[in-house]
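Labels run A, B and C following the written order; every chain starts at residue 1.
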Amino acid sequence: MGRLRVLGWQALSVGAALLAWEAAVRVGLLDAAFIPAPSAVLRALAATAADTLPRLGDTLVKTLLGYALAVGVGVPAGLVLGSRPVAHAVAMPYVVALYGIPKILILPWIALIFGIGLSTAALSAAVFAVFPVVVLIAAGTRDVDPAIVTVAVSMGASRAQIARKVLLPAVVPSVLTAMRVAMVFAMLGALLAEMLAGNRGMGFQMQRMALAFRAPELFAATAIVSVLSISAVLFLEHLNERLGRWR
Amino acid sequence: MITGAPIVVDGVSKRYETPSGPVAAVESVSLTVRPGEFISLLGPSGCGKSTVLGMVGGLLRPDTGRILIDALPIAGPNPKKVALVFQDPGLFPWRTALDNVGFGLELAGVAAARRREIALGLLEPMGLKGFEAKYPRELSGGMRQRVAIARALALDTPILLMDEPFGALDEQTRLLMGEWLVDIRRRTSRTIVFVTHSLYEAIALSDRIAVMTARPGRIKDVLEVTLPYPRVLDAPEAVDLHAKLWAQLREESLRAMDGQQ
Amino acid sequence: MRIWLWRALVLLGALALWEAAARMLNPILYVGPSRLPAALGRVLATRDLPPLADHVWITLGEIAAAYVLAVAGGLWVGFLLGLRKTLGRIYEPLLAALYAVPSVVWYPSLMLFFGLGPASKIAFGVLLGFFPVTLAVLAGIRQVPATLVTVATSMGAGPWTLFRKVMLPAMASTLVGGLRTGLALSVVGVLVGELLGARSGLGYLINYAYGLMMTAEYAALVVLVAAAVLLLDGAGSLAEARVKRWAD
């Protein structure tokens, strides 16, 4: 099946689903108080448009701050763990264990210390995003082809030169993958913190609308965040493609 | 014109630690390589020929004995004197052929323009003109190995060590690469130590052939090859040499197979 | 052997650091490991907190329900999209796109629809646990070696036999991996749901403690839940290893 036909069917399916949804609400099959019609959601989108941008910006700032922190800590940590087998053997079980613990458990505590707002959300984003970064980059560093390292050693490369000219470029694909994954996790952490202990941002908005039973506004906010996230991931995937011509 | 440097391997041995205890890879290996000669190390699998090469290249340290290059003991990789080529070309996938060839020069701090000049100068006679901007992924196995050899040649060292460089290539490519290596050899006078398990290659390329025993490897015999280039392998002297080599090698190969239980 | 020593040292070092830091800082906000056993005792004694056991059962029930539904749904959608190639080509990318959305955005809508009771937590657990199972089925189907299928078909195997005797065994280890991840995520889903707004369950209990600034009890509960999750995942990992040994 050609790409165009697949796209056509996808668009058709989504369109049909939306139409069926709209019809179901109008007919009364779905209770509009719980599941608003797409038209109502669109209207809510328009109505809240003015406030949406600052809210989105707020969430984005927290996401990006946390993301930067996670990458800044996680990439070197992953590189170190991946390039030193002893460190890897000793530390990795702990990293995996911590990764497996639901991080939301410590969010209340972070909120207790840092209060409601930006710091908590940014820190939360960082905590969520750092683990996949460390794990993915450690794995990528370990998988560097030993043959090319041998070549560099045989040519008299110093440790620093090997790290800079061999390990680093070899690890770039893993770094890009990790950064893509980390983005979703960072956003997750920021939104979660906003829902749990926030006073601004999209997460807070969604929680507030849910508790106030304002379904159209809630769905509108959900749609906006979803589109933002999907766009970010698509962009990072595109970047991944462009930077990896040699693979 | 490069002049090759002499190599002296004196009573060298090396052990490896395995889960079932230490295993001697090579024992009391002694060999003198004359400056500018092409010598092959021929032996059965596991005889330690790659280990010997690794030690001459400064990648492994011998447990006993010493190795002298230009009458000086070695203490690690020496990119000014020794360049290595392995069976796996080990090209950096994110660098073009040109940048791969220039790698060693980059490490040594050579300026970019000069690196480009040298690299192009090496790639052209190898038939890779026009491929310098290609990535390893876009090159065939034979081309990649040529780039790897060019990368080693770029260091302009008096000694070139090659560890079964054509082992992963198909027969025809291997034959062509052999011819081409002979050609390079005629144009420079580097010392070349060539590890192989192919009698054909050893006879076609070398001035001398050192035969190694099965593990633990020792030098069993060193034969001179006085055939003129280009070598015609069904000439009587060649056939004779082949028989002599095989007689020695066969014994060791059987021993190696027995030892592999 | 030495690695175990280092690992133990790292753990002890971390605990010591934690204890030292907690003692130096505000005891209301920072709880060192030494205070945890006593706090746990208080939690179990049901003194200032609702009874632990009741809420544990509620949470476990929610997890069980969520997981069963997630696996059922995941297997069904996974096989549907995996075995019917045209459907797969159309809908798998859409599914993958949804995976790019942080799962928590769906929770407020679930809360609106299902209310604050266990239903919304189960629904969220199902949502989270469903994806890994589906993706594992799809990946598993894809990595069944085509040669195996060809050989079996040439020996006269019909579609059901093919499925049972060729595909399932070949997919087994990937599938178990997905089931394990699905469990972990269902657990997370239920816990997140409870923490974000509930009237019962472990998450509710944790919020209760935190709301009353009973930081020690809160910490004890967190350690308890974390340990339980790790144990559960450990069991899952053992099960996966058992299947892998048998399947490969």
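FYI, a residue touches a chain if its C-beta (ideal position, glycine included) is under 8 Å from a C-beta of that chain, and two chains touch if they have at least 3 such contacts.
Worth saying up front: this structure is predicted, and the values here are computed from it rather than measured.
Among the inter-chain contacts, the highest number of C-beta pairs connects A-C. Here the chain at the heart of the shown protein, by mean C-alpha position, is A. Taking each chain's centre as the mean of its C-alpha atoms, chain B lies 54 Å from chain C. Averaged C-alpha coordinates give centres for chain A and chain C that are 18 Å from one another.
For this pair, chain A with chain B, the centres built from the Cα atoms lie 50 Å apart. Residue numbers of chain A whose C-beta contacts span two or more other chains: none are found. Those residues of chain C lying in contact with chain A across their complex are 3, 6-7, 10-11, 29, 86, 89-91, 93-94, 97, 100-109, 111-113, 184, 187-188, 191-192, 195-197, 206-207, 210, 213, 215, 218-219, 222, 225-226, 229-230, 233.
Within the complex, the chain B residues that touch chain A are 57-59, 76-80, 82-84, 86, 88, 90-95, 103-104, 106-108, 135-137, 151, 155. Chain A makes touch with chain C in their complex at residues 1, 6, 9-10, 13-14, 34-35, 86, 89-91, 93-94, 97, 100-102, 104-109, 112-113, 184-185, 187-188, 191-192, 195-196, 203, 206-207, 209-211, 213, 215, 218-219, 222, 225-226, 229-230, 233-234. On the chain A side of its complex with chain B, the touching residues are 145, 147-148, 150-157, 161, 165-166, 169-170, 172, 245-247.
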